[in-house]
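All remarks here apply to the structure that follows.
The first chain written gets the first letter, and so on, giving A, B, C, D and E; residue counts start at 1 in each chain.
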Amino acid sequence: MLIGKVVGSVVATQKDEKLLDRKFLVVQIHGHEGQPRDQYVVAVDSVGAGPEDMVLYATGSSARQTTITDGRPCDAAIMAIVDSWDLGGENVYEKWA
Amino acid sequence: MLIGKVVGSVVATQKDEKLLDRKFLVVQIHGHEGQPRDQYVVAVDSVGAGPEDMVLYATGSSARQTTITDGRPCDAAIMAIVDSWDLGGENVYEKWA
Amino acid sequence: MLIGKVVGSVVATQKDEKLLDRKFLVVQIHGHEGQPRDQYVVAVDSVGAGPEDMVLYATGSSARQTTITDGRPCDAAIMAIVDSWDLGGENVYEKWA
Amino acid sequence: MLIGKVVGSVVATQKDEKLLDRKFLVVQIHGHEGQPRDQYVVAVDSVGAGPEDMVLYATGSSARQTTITDGRPCDAAIMAIVDSWDLGGENVYEKWA
Amino acid sequence: MLIGKVVGSVVATQKDEKLLDRKFLVVQIHGHEGQPRDQYVVAVDSVGAGPEDMVLYATGSSARQTTITDGRPCDAAIMAIVDSWDLGGENVYEKWA
């Protein structure tokens, strides 16, 4: 998994029928030291993530192991909302700070 | 998934028999801020995408989760046509603008 | 899929027994505008591709969806020979030109 | 697989229910000559890795072949703790040195 | 697949139990013109490769299609030892030269 921030969303009415009612979120990938990268992924949300949330997302067939994405043409899924992370004992990010 | 624009198509008469009648589209990958990148993918269309459409495509085994691509040697499939997307509440792209 | 040109071949007598009689071709990856890239993949041929042919290849589990590669330790397969492709209505490559 | 060092951990209380009690570790990827890279992955630990351990991690569907990760939305798993490695007969890393 | 050279090995006593007795080799990736790259992968050997051998390795789920790796948390496997390869009819590498 990588860490990213929910920075937007994609609207698509014409899509594979198995994706009806799925929410596509734009996730900007962040480095492990917290810096934003010029990389993104559009992921299906499976945990109720909202704007500006830091999240973990899984890719490939692993993205289809949630009840929201199972058997669907989706190669990236948000499977966790990050509360905090640390590096070498130092806090890098704290959601509720 | 990533966002891309349909910029061309590939003709291939000699191909795996399971790919007969499948349409191969050239999709130029775009960044989340809308800028075109010097990257592309050739994807099978599963949603009726046309020239210049902005689309979402899925890769890997996830690309085979549509009725068009199921069980076929295809590692990229267009599974949605993008109507619009936004970043931080600002509209980046609007199909019908 | 990506577009590539068959530029060589690999001989390997000592290999997984499920790969006996499989042909390993060196495919140089090309950009969508036709330019060769300094990237390659060694792919199993499933469609009778020959030297200098422009081809499409699939990767990952999708590479195993042909009768030639099914169940085999192969992560790239040529599944189509390109006749031509175009960008924005302009022909980029034409096999029989 | 690639070699990495466990440099941190991620706390996420809101996550896919199949990931309850799974430990997310931040692994900084290292080159084969031992140098740290500015790349990371968040991996589920399946072998009891601790801070500063050098580890091997597997990605994609292979990351789900452990009893800890089976059937879960996880695309990276630590599956070995590195004791040592060598290049050309020269020791590069030795855990107990 | 990509071409690489076996340049080292990794010792790991604490690992997923399904990987007991599997040999982890450090493979340095080479370009198609034979030049070494500053990239590597740690792969499980399924064909008896030795130091300095040029090999082909497969990644992802394809790496698990050998009897040595089937069902195991392994995302890269050596599945062939390269005898030789050519580009445009010119020999690039010859094992027994």
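Worth a mention:
What we mean here is this: a contact is a pair of C-beta atoms (placed from the backbone, for glycine too) under 8 Å apart; a residue touches a chain by one contact, two chains touch by 3 or more.
The shown structure was predicted, so the numbers you read here are calculated from the model rather than taken from an experiment.
Both chain B and chain C derive from one sequence, and where they touch, under half of the residue numbers involved are common to the two copies. Between chain C and chain D the CA-based rotation angle works out to 145°, given as a multiple of 5. Centroid to centroid, with C-alpha atoms defining each point, chain A and chain E lie 33 Å apart.
Chain B has its Cα centroid 20 Å from the Cα centroid of chain A. Multi-chain contact residues of chain B (touching two or more other chains): 60-61, 63-64.
Listing every chain once round the ring, from chain D with chain E next, yields D, E, C, B, A. Chain contact summary for the complex, chain C toward chain E: residues 7-16, 18-19, 24, 26, 28, 38, 40-43, 51, 60-61, 63-64, 71-76. Only residues 1-3, 31-32, 46-48, 56, 58-66, 69, 77, 79-89, 92 of chain C touch chain B when the two sit together in their complex.
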